[in-house]
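Same chain, two partners: chain A is paired with chain B first, then with chain C.
So, the complex of A and B:
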């Protein structure tokens, strides 16, 4: 389901590969990203460019992934449409995740951090 | 697993020629089956319906009803089991066999005395019958298990509904009404309201992430935990302002320890029914709409962390004035997220306009009105998530 692409030197960009991240596919999303982390990915960008809607289960899966990375690495998000941005604001997720406009911004920010 | 058919299978022998019929009958008996002789197709049909026979061996050429007509009539019957039909054909051409197959015949035997061929055909039919019996038995066991699970679920749903207050009442001059539509049999939504003391009304709404049994178990646990005593003990601090954030924080401490991704959103409020002062804490639950007596509406609250997601996060108290004649409409996210057939979600803007239209509707009818509008929006499709609508009106 997810699409992942490695950027130099160790930044992985992940797209959920669904227009709606919901109870239907949240578990698969979490498992697939968790597998990437288990395989060594520690700096992740989750790009929601093509995912216009997250329900509560989708948000649960995303925070689950964040907890899995914990202090071992970074997880940032980008490409939030106005609806998803609003959800992030209402749930205060904008204080938990670093949010960037797009993939390029997110990668740039991660590079500067290292 | 192999289910042995304990009593010998019955086989109907439809044959008008008495010599041939007697020969077949004896042969079948020798093979360990119970033959039921029938002198023609009509008789064969009659005994089929009074016996337990699942195999018919029939001659093609018979008076009144021939083998093919018999086959057609058997296929029209609703016996609750399959009947395996073996036709005995003579020197007829392939056309007859083609027509017989079309009519529903399963196998053929050539006329003449060939006990080996007969035995092979009957054994093949027996294998299919045993297989069908085995499948039917497995189906029965699965159906029983499924019925039991569904009954348990219904019992769970009932238990949960009893926990949800059927709110259509008046507490301290505040009219309260609710509507609740679970997406599955059981739901992850929970709400409650209590009289905390002589002047204060406490209320809360909870929406557990996900839905179905898992979410339901957590919501029931929350419903049992939030008793009126627990609510007032955590929220009321002497004569100072109410502290709903303390309740949310306490719940967050209790529910953040689990390893899984479960969490819930919540809106919790304390209304002073004398002054109209409303203290509330919003924990990622959708902002309710406040409709002022003049009909002007506005969303309440600007968000807050969900409960049970991150330990140690802070929750805020907020205040607003709940005027006499004003209403508050609390709704779970199933309302704005409800999609119509064109995948357009109902959205908060439409919802706010709808709530404004509810201004003069009796409080008791407001939640059902919202639920019905959403039902129409869904064009009969069940909601994807549990829907809760609670209306409060200060009189």
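So, the complex of A and C:
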């Protein structure tokens, strides 16, 4: 389901690979990203460029991934369309996640943190 | 709709198609979110008397509102989300669940629930394009 791509030595960009991240696929998304973390990925960009809709299950899965990384690494998100941005605002997730316009901005921000 | 998670997204997309150009853009998203959350909640938590019990729905225009009515599958215990939803501001930011019902209350223009005949029905209303 997910598409992942390594940028630089240690920044992994992940795309959910679905148009809608909802209860039907949120668990698989979380497990697949968790497997990347278990395999050593610790600095992640989740790019929602091709994902037009998230529900509370999708948001829950994303929060689960953030908890999995914890203090061992970093996770940022990018590519939110206006609907997904609105969901982040309503659920106050814009205070939890660092949100960037696109993949390039997100990667740059992670590089500057290191 | 069959009482299966795989049916939720196609059903919501079909309903949304019917509303294209009739709801303001921002309300299309609220409709999508509310109906997705409500159907998912029914599939995951309503316990029908028979496995093959379906979730029935109806989309109508009443006055200046579009109203989606979702009927609980037969045999499910009544569940009024207005009595059970947690305010989104009370939910721990790192919680992985518990936002669905609050999102429905926050995003629908009107929420109603009650029995109609022998079945229970959730009504979600959204103001039409003026």
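By our rule, the second predicted complex is superposed on the first by the 114 of 114 C-alpha atoms of A that agree within 3 Å, B and C clash if a C-alpha of one lies under 4 Å from a C-alpha of the other, contacts with A are read in each partner's own complex, and residues count from 1 in each chain.
Operating definition for what follows: a residue touches a chain if its C-beta (ideal position, glycine included) is under 8 Å from a C-beta of that chain, and two chains touch if they have at least 3 such contacts.
Fair warning: this is a prediction, and the values are worked out from it, not measured in the lab.
Once the two structures are overlaid on chain A, check if chain B and chain C clash or fit side by side.
clash
Name the chain, either chain B or chain C, that contacts more residues of chain A.
More residues of chain A are touched by C.
When the two structures are overlaid on chain A, which partner does A:23 contact: first (chain B), second (chain C), both, or neither?
The answer is both, since A:23 touches chain B and chain C.
Per the contact definition in the header, classify A:41: touching chain B only (first), chain C only (second), both, or neither.
So A:41 meets neither chain B nor chain C here.
Is A:63 contacted by the first partner chain B, the second partner chain C, both or neither?
So A:63 meets both chain B and chain C here.
Classify the contacts of A:106 with the two partner chains as first (chain B alone), second (chain C alone), both, or neither.
neither
Of the two partner chains, chain B (first) and chain C (second), which one does A:89 touch, if any: first, second, both, or neither?
first
Of the residues on chain A, which ones does chain B touch that chain C also touches?
22-23, 53, 55-57, 59-61, 63-64, 90-92, 96
If you look only at chain C, which of its residues touch chain A in the complex?
Touch residues, chain C against chain A: 5-6, 8-9, 26, 29, 32-33, 36-37, 40, 43-44, 88-89, 91, 93-97, 99-100, 103, 106-107.
For chain A, which residues count as touching chain C in their complex?
That would be residues 20, 22-24, 53, 55-57, 59-61, 63-64, 66-67, 82-83, 86-87, 90-93, 95-96 of chain A.
Over in the complex, which chain B residues touch chain A? Could you list them?
207, 209-211, 260-263, 265, 284, 286-287, 302-306, 309-310, 313, 333, 337, 345, 384-385
For chain A, which residues count as touching chain B in their complex?
Residue list for chain A touching chain B: 22-23, 30, 53, 55-57, 59-61, 63-64, 89-92, 96.
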